[in-house]
Every structure is written in C-alpha cells, then in structure tokens.
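Lettered A, B, C and D in written order, each chain numbered from 1.
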C-alpha cells in the first residue's frame, strides 16, 4: 500500500499515523520527494481499512498495490481453477471446460421441469437450472415453490442425470440444499456476507453472481469470503450491471470476462438472459461471451405451451435454445484464451 | 397497467394474452387507435410481472399506472407517517419531527461508546448509532464486536437514556435485537427479501437504507415487504448512490427527499457520512438535506484521542459534530415542506 | 404517442391540453378506462416535446410508440444499409461487409504513419485511421498536428491506397477534409448539433461515435440529424460507455450491436481500444464484437520503436494487431446475423 | 505524479521509461521498497499523458499528485474568485455574492421575454436567461429563434436593465454574442474544446455547465481551457448528472458545490430546473443548493397564459418562482461557507 501525504502536515500528525500503522504490524518505508512524501506500507495490509487512511487529514491519497484478495488471486495461483461439478459424469467448469446451464426461471411443476430438462439436455446443456426460492422486487409476486421446488429439481435430476443449480436466499434454507449440486448466490446477495461465510464452510460449488453495481474487485472480495472459509469451488457469473441505458434491462459487461481471468484463476460464466431481459439478444450475447473466453453460460428456457405467446420473453423456447447452443459450438474453437 | 401492442400481431397471440390476463382476474379495456392498440388492465395488477409482459413478442411496451406499492403509497395515506421511537421520551420521526442520530462507525469499548453518546447528546443528537455487526468488503477486516457490541450499546442506552440504532445482517441475529430501539437494514441488504419479511413480523422501527444502485421505486418496494408483514414503522434512508464520479465515495441524491415525500408518507433521513466518505463534506450535505425537507440525519462521530490524526475522516470529531448539529438548527425553520 | 392522464384533473386543463395538441396538427383518440384516461396521439408526433407533456400537471406519464427517428429507422428501411467508402476498390461497410480500420492514435510523422499503414494493410486492415485534430482533456496536452496531420494521412493514402478516417472537431475545419474518405465525429461531439447539421450537407461517409453517456436512442437521433440533411452515409460506432466500474476506462456495451441492428439499418462498428483502455483486452473484445454481429472494428496500432516499452498500452503493436485481425477472421463465419 | 512499477520488469523496459520521461524534462526520484518500486516524477507533469503511462507493460498504476489544472486550482489562488457581470449595477457572482438568473427555456417573442423579465426581476432575479440557440435531441424539434432570439433578449435588457445569459453552440455564432453579458456553454458542449479555446480569447463571463457524465476534474479541465487562453471569468454550473435513476431527468449532485469550492476558487451555481425536469422539485433543490453554499441559481420561468396547464412543467410560473426566490433568501444567512 502506498500512502501519499499532503505537503502541509504537522510532524505530530505524521508520528500519529506511523505509530498507528506500526501498531498494526506494518513496516513503513518513507520516500521523501521534493514536493511530496510517500509512505510505502510493507507487510500484510489486507486488513488495513483503505477508506480510513484515505480520510486522514494529512493524506492526499492511498493506493493499494497488492490486491486485497489472496485466495482468488491469479498471482498466487497462476493456473486456471477447474471446479468439478460431477466427478462421475466428468462435468467440470474452467480451465478449458465450457458448460451450458439451462432451465426455467421458476420451477413450476414436475412436468414442466422434466420436459425442459430433457429438451435442453438434448441440445447440449449439461446442467439444469431452476428457481425454487425467487427474489422478487414485489412482496405480492410469486415467491417460488421454495422447498417443494427443490424437490422437483431433484426429481428432474433423477430422471435426466443432470446436476442442478438453484439459488439460496438465506442461511436458514441451507439444509434444503444438501443434494443440490451448485448453490447459486443471486446478484442481490453478492454482499450478504453472513451467507457467504456460511457457504464457505461447505464444499459445494458456489455460483456467485456479480451485484448490479459491484465492481470486479468487490466480486472477487465476495469470492474471497467463501474461499477464506475453505471452500475453493467458486464460479463467478457476470449478469449485467446497472447503467443509464434503459433499452436493455442491464448492460452486460463482457470485458469482465478477460478482466476477471487476468485478476483471478476462478472460472467465469455469463447469464445473457438476465443481463439483457430481451430474448432476441440472448443469442448474440451468448456468442460474444463465448468468443471473449467465458467458461460457460447460464440461459433461461421455458416450454409452457399455454404461454406460446411468450416467444419474445427473456426465456427462450427449447427450439431457440437449441439454435443458441449449437451456434456457440461454432465459436468455441476460435474463442479468446489468456496466454 | 397499460399494455401497448405491436402492429404486426396475430389474432391468436392476442387471444392468448387476453385469456392469460383474464385468468389472473384482470379485466381488459381495449383501445383501438389508428396505428396502435392499447390494453388498459383493470383490477389488482400488483402481482402481475411487468417484465414478463414487456418481453412478449406482440408487446411494444408496458406502463404501470398505479404504483406497485400500496402500504407505502402516499395516495392511500395522504398524511405523513410519524414513527414513534420512544413514547415516554417523546422521540418520534416524520410529520415535522426532525431527529439527529449520531455515533461511531463501530462500537469498540464501553468507554468509547459512552463518551461519544454523552458528547453527541449534549450537541442535540437524540438517538445513538453504533455498528455491532459490520458488513465489510473484506473477510480479513474487523467484523464488529457482534453480540458484545449490542450489549455495549445497551449499556450506553442505560447511562444516557438514548434509544439505540444498530444494523442487523442476518435473520439468525434477530434475538439479539430484542432491546434495540431501531433496527437498521444496510444498503447491501435492502433487497435481502427474507430478512425484510422477517422484520415485517416485528413491530420494531426499521431504518431501511437505499441500496447503492436501487431506484426510488425499488426502495419503496422493499419498504412494502416490511409493511406487507404488518410492520408500518419504516424510516427510509438515502445514503448515496453509485455513479461514475469518484471524488466522493458515492453521490448523495438529495432530490430523493422531496421525490420520496411525493411518492410515500414514510419519513426519510439522510446519511451524509457514508454518502460522501469525506468528513469536510458532512456539514454542507447535512445543511442541504435539512433544507430539502429531510426528517432527520444519521452522522458518524468518533472520539478516539489516540487517532487524533483522523480529523479528516468520514467520522467527525464531537466538536465538529456540535457545529453541524447547531448549524442544522438554523436551516430547519426555512426548510422545504411538501404542501 | 400515448399520454396517460392523472385521475384528479379539471376539465379546463384537459381542454387546454387537447386544444394545444390539435394546434400542432395532431389528432387525439381518447380512451376512458375505469381508473385512468389515456390519450392516443395520432399524426406526426416527431416534433412534439415529450418532456414538456410529461411535465404537465395533469399528465401521469407519456410513452412514445413510434420512435422519433425516421431516416435511421429499420421499420421504414428493412434492409441493411451499405456505406460505400471506395467504389473502385470495392470497400464498403454493412450488409455483410466487415472492415477493419486501424492506425495510430495521433499522426506524428510521414515515416510513422506510412510504416503503420503498410503494416496494418498487410494484416488485413482496409482503412487507415489517425488523429490529426485531437480532443484532449487538458489544454496543455499535445493537440495534434491538425491540418498538417491530414496532409500526412493523404500521403499515406497515396502510397498505400487505403481510404483514410480522421476526426473533425469544428465546422471551421471542414474545408481541410475534402479528400478525407470518412469523417469521424468523436464521442464528445456526438451532440454537437451544429456540426452534425453541417456534415448532413456533405455526402461523405460519417463515422459517428456514441457519447460516453448517450443512450442508443440519442445516438440514433444524432444520426438522424446527419441524415435529415440528406447524407445517408452514416456508420455508427460503439466505443464504451461511462459506468461505475473503473477497471476498464469505459464499459464496452456489446449488446448495442444487436440492439442497434434491430432499431436501425445503419452499419455499426466497435472501437475496443478506447472502450477498454487496456491493450490486452483489445483482442477478446474484438472477437466478442465480431461474434455479436458488428460490421467492423476500429483499432489503434502504433509502431514507435523508441517506445518499445509501450507494449501494454491502448495501442497494439503491429504484431499484436496481426494476431487480432487474423483471429477475428476465424469468428466471422459463425457470427450472429439478424435474420 | 507517482508511478508504481510492477515487480516483474526488465531493466531495459525501466531504462526506456526513465529515458523517455527525462526527454520530457521530468526529473525522477526512485523509491525502492521491498515489494515495489515507485517513481516520483518531479517537474511540470501537466502535459504528461497519464493514460499512456498507465498502459505501459511495466506500470502497475499511476497517481497524479498535483491536479492537472493550474488557473482553476484553489491551491494557487486561495481566495474566492468574483466574476463581475455588470460593474455599474454592481452585479457580481462568487465570494459571497449570490445571484439568481431566471427566464424562459426559449425566447419566443418580445412580449413573452419582457413580461417574464419584469416578473422575475420583481421577485429578485438579477440576470435574465433565455435560449436563442437551442440544442435539441431531435432535428425535427424547434431549434430556437437563433440570431433573432438574441435581438429579443437585448430588447428585454434595454427595458429592464438586466444582464442577459444565453447559450452559444458553435464558434461561428460568436459575433452575435457581442452584447451578451454572459455566454453559456451547455452540458453537451462542455468538451467542445475548439469552442472553449475561442471563448478563452474573449473577456466575457462564461457560464460553463457540467457535462452529463463529466467528472468534477473534467469540468475543471474545461474551465482551464478557457482560462489558459486568458479569460478568467468562468462560472461553473452543476445541472445534474446521468445515473440509473429515472424518476428525475438527471441526478443533481449537490456535493459538487462544496467539492468544487475545495478544489477551485471559481464560483459555482446550480440549475435545479434541468437537473430534475420536474417543476415541483425546483424549490427543494434550490433551497438545498443555497444551504450547501452555491453562489447562485439558474431557474427556468415561463408565463405563457395559453399554456396555463403547464403548472407542473420544468418551468415554473412567475408566481411559483417568486416563492422560490423568497424562500432561498431565508436559507442564505445559514448557508455553508468554506472556512
């Protein structure tokens, strides 16, 4: 960490600062320039509050040199992490393993989930997603089948053999996730630190979605919460950030793929369905994500014949999904690879 | 709700849509224009998923006419809500009652919290804030004294008589908040819907902070979650939103004060400390908030003599707080009032 | 245009509104619902100020049904536009014609511009870019060679035969652009309406960059300014938008590609160099752009051996560019196509 | 400027960098820490391209210590600047002089502009604003009376004695502004650098509006463009920035007032009309701006009796303006003052 001091400072303030830093076990290298003095902080600064130092009267600015994340940092783990989802079936993600996760927004019935599961599996999806606990903006909207939804997913897993991915919303729901293969943390819970800590104690693969207004560093710090607890099976997921543009529901930040691959060894997948909120944009964004080097996709698919009108919805029909999944295969051999 | 249809639609799609809407108990008024057809949806549309309809192939756009929040809506509750914090001491917020909440970022020791409490009380603060459970970006940073922190706050309450305000981070912590006067929901948990529902079952005053990238409507929908459960004691809090500007930590959206007062009857307070992250900006932003019609302020104050260097931090010293609190009193008689 | 009225309105206000609208030559279709009244505005509403109507006391909301752009609108021009850059050499963009524009940030010398031109041409670039007039944040920074820079570009064109693309900053510079093949309007001038109008009077191809905080509709309205003057040779360019994320200089909005293709028939190219500000991200973003259906790329390339250290800069070396250009060719056969 | 180098660098790269910097006349102070090497750049770094250095392969990060603006910088000009608008009438802004500028969005007729001028003057406005050249998103919208509009403003000035403020959109219009008292640069032209340079050659007071997505530093750099040309009469104006929130047209950044006053000596005024786009929010935002220490306000007022329905528009009626102007006077004695 580098602390740049203001020119007009009293020696007493300077002493207070250095004494306090030393009390945290940090060594200080002072660099006196003509117009400025810079302190190089040496030692483990990951627990130092950069905002506190930045706010000091005598401090012009503070710059972290070493990223505050360790477990998630590629510097200390140069090879891609591979998260194993199902050892027997050899389903894994990262390090060259590309997977498509597909399924409905909400689990609604055994017929619905099984029909979709079988359809997407035929098109090449290797994991089944489906919402049981649904974070809804309105308390009056359908909140998901909850525990029963998970049971239906497990039924579909039994029939198709597909590992299942579903979202947790609160620590108290954890016992219901015993047989779930991948636990999803939604964008709104990316900084639910108590939940992250609890999931760090499990060894389940965790699909961690980026918050709507979270920086890449904050996403990696949330991954770090899980990994610091001992669970290294973290899959990052970009699903659109909030910007001023309103044509798409959110703005899919595809540059997050190579950026996160530079910063971290964790696999990164993309959710083009939620990012755009427009089904006809799912295909081009899926292709772009694959081209930029993503390790996978998570795509919403529905098959409700009674809502045949929903062709244009965020959810694709199985037929449209089939086209997306096959088109992505064309891109993969030419996709970007780091190094 | 108004649904604007595309010109190029098949009758079958149109029938599917109207049948589905009718199955939800909604009446439809069709308005055929020369170039467009508009459906007026009549009935309780608060449970209708606007995103689903918007995504339909035959739909050009959807416009909600009635806000999706009812309990929080000023239309159905024209008078300002007054949240009573302490009946005996007559401490209440809203409807012309302005309160200043002050205290340290984190509770650290009994001496610290009592000294600050007494200092801010003398300057005019009527409630004491202090973090026991601390949401920290880094898993390696101090996470607060947790349960012990709450005990120290209750000690300070006993000594000073000040009601206390402190943040909850997870449902499982709720039993520890029995004697806490106001439960704070932090910006990162504004859409932790399970937590909101649980707090809706209590009758505690809830201080609900706006998320970093939450719209005003989303904030009101989160209030609605609490109120739908039966707890009407919600205090809204604007604490800065995330924008491209990096000079301040966040951008304090002061227009949220009159905007929320127009939309809702709930009291609204401002946190200038977190919004700006710069202590010298706390005073001007406190004055501006009061002038725009806020019902109160929540301000960080510290008194650590060992960190005398922290003059410039997000936390004010008790002396600086005294100046802010008194200056705000000058503004109040001239502050904006809705109607 | 659909105007949704408030419930509590006086007949007099209603009459004023309808009379005023009629005075603009607009017919009104009134749709009385149980809880709301909606006005359908029929006729040419493109000159109606939506903000003015929205602001009326009796108006709840206004919704434009027909986009305010005509010439740029795909509805009235279903086929892709093809902008011809050089008829003889058959260089054109759009409608399946993909072009790579490459060259240095600033034109510095005849040797520099010719060396780069020849290098990028060998790698497959078909147009040469180079800054002569440079918009710089600081008045103390190098402002470009200006008129002399254009002369050097024309020299390079003579030698290589490559059409040249360079930025105009003010109407007064227009005479210098007589032999320039494509005139670029930078992001900061996207809403310099006087300049747009002037360029609308020429028949030059215009490369119109999206402003840092411009919506897709605003970009199309700026294209409309040029086209309304009679110049239909507009090439749109997405070059990153301003968001809260600071890792990349801007956030490249790749979903703008299929979105703009849906809304408009104009070709759309991508500038991955300025969008990311990080040279190692240029390749993955170029691949992603091609996959999402872009009609071309504009990429910064430098060859200054004296600044060999600049490997990591926004500008690629010719060698790195060669890799990008060839990798993009692999993606193109599998790229997204709108219908 | 402080350059933080990466650990893994070759000596050759290091030599290239230092030689290049020295060739720019910059001295280098090397500070070798255990884990990092930092270069302190000594000398006039205002012309050094920070983005270029940041992009170098061996550079981890770059931090500017001295702000890149000089003339606008409070460090070199500790006292508030006072911009004199009319010496005879003693109308000046800044350094404790608070002024309200008011008038219609567009100048429409001599009757309209005079009636509004007289009304707002009676309520305490000291300068008259009115748009002659109008930047409109649509080419089909009314573009203002242009030169004729300026003549009408000058008529109104003759009658009322009020100095006039109106917007320029292009260098070619400058001769028409000879008798205009304050030339406004709109948000969309904040980085029209050629126009800024041209206005720097005049000695007219310039009202410089912040761009919709411009940082405070970028605003000050644009002021610097004007001042570097010799014109120090710059008045800054915050008018809302673009964020994700759509309730207000833009988000008024009131913290920009004390922030800019810290960074610069230039006066800063606020435009609550454009920032919010909602007339009922103009009053609370005007009060908040005054409380936060603004040097003035610029407010839209209209008096068109034929559009009596427009009560709710961005433009206030003269009656509503009278209330705002008087309410602001109540706040001023209690407003924030730097130091």
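FYI, a contact is a pair of C-beta atoms (placed from the backbone, for glycine too) under 8 Å apart; a residue touches a chain by one contact, two chains touch by 3 or more.
Given the structure is predicted, the values throughout are model-derived calculations rather than measurements.
Asker: Can you check which chain pair, B-C or A-B, has more C-beta pairs in contact?
Answerer: A-B
Asker: Please indicate which chain is farthest from subunit C, where distance is taken between mean Cα coordinates of the chains.
Answerer: B
Asker: Averaging over Cα atoms per chain, report the distance between subunit A and subunit C in Å.
Answerer: Chain centres of subunit A and subunit C, defined by C-alpha means, are spaced 31 Å apart.
Asker: Roughly how many whole angstrom separate the Cα centroids of subunit B and subunit C?
Answerer: Averaging C-alpha atoms per chain gives centres 39 Å apart.
Asker: Take the average of all CA coordinates in subunit A, do the same for subunit B, and state the distance between these two points in whole angstrom.
Answerer: 26
Asker: Using the touch definition from the top, which residues of subunit A touch two or more other chains?
Answerer: 213, 242-244, 246
Asker: State the interface residues of subunit D toward subunit A in the complex, per the touch definition above.
Answerer: Touching subunit A from subunit D are residues 2, 4, 29, 31, 33-36, 38, 40, 42, 60-61, 63, 65-66, 213, 242-244, 246.
Asker: Taking the touch rule as given, give the residues of subunit A at its contact with subunit B in the complex, in rising order.
Answerer: That would be residues 13, 16-17, 20, 46-47, 49, 51-52, 54-59, 68, 135-143, 169-173, 188-189, 191-197, 211-213, 218, 221, 224-225, 228-229, 242, 249, 277-279, 306-314 of subunit A.
Asker: Given the complex with subunit B, which residues does subunit D contribute to the contact?
Answerer: Residue positions touching the partner: 213, 215-217, 241, 243-248, 251-255, 257-259, 262, 275-276, 280-281, 283-285, 287-293, 327, 330-331, 333-336.
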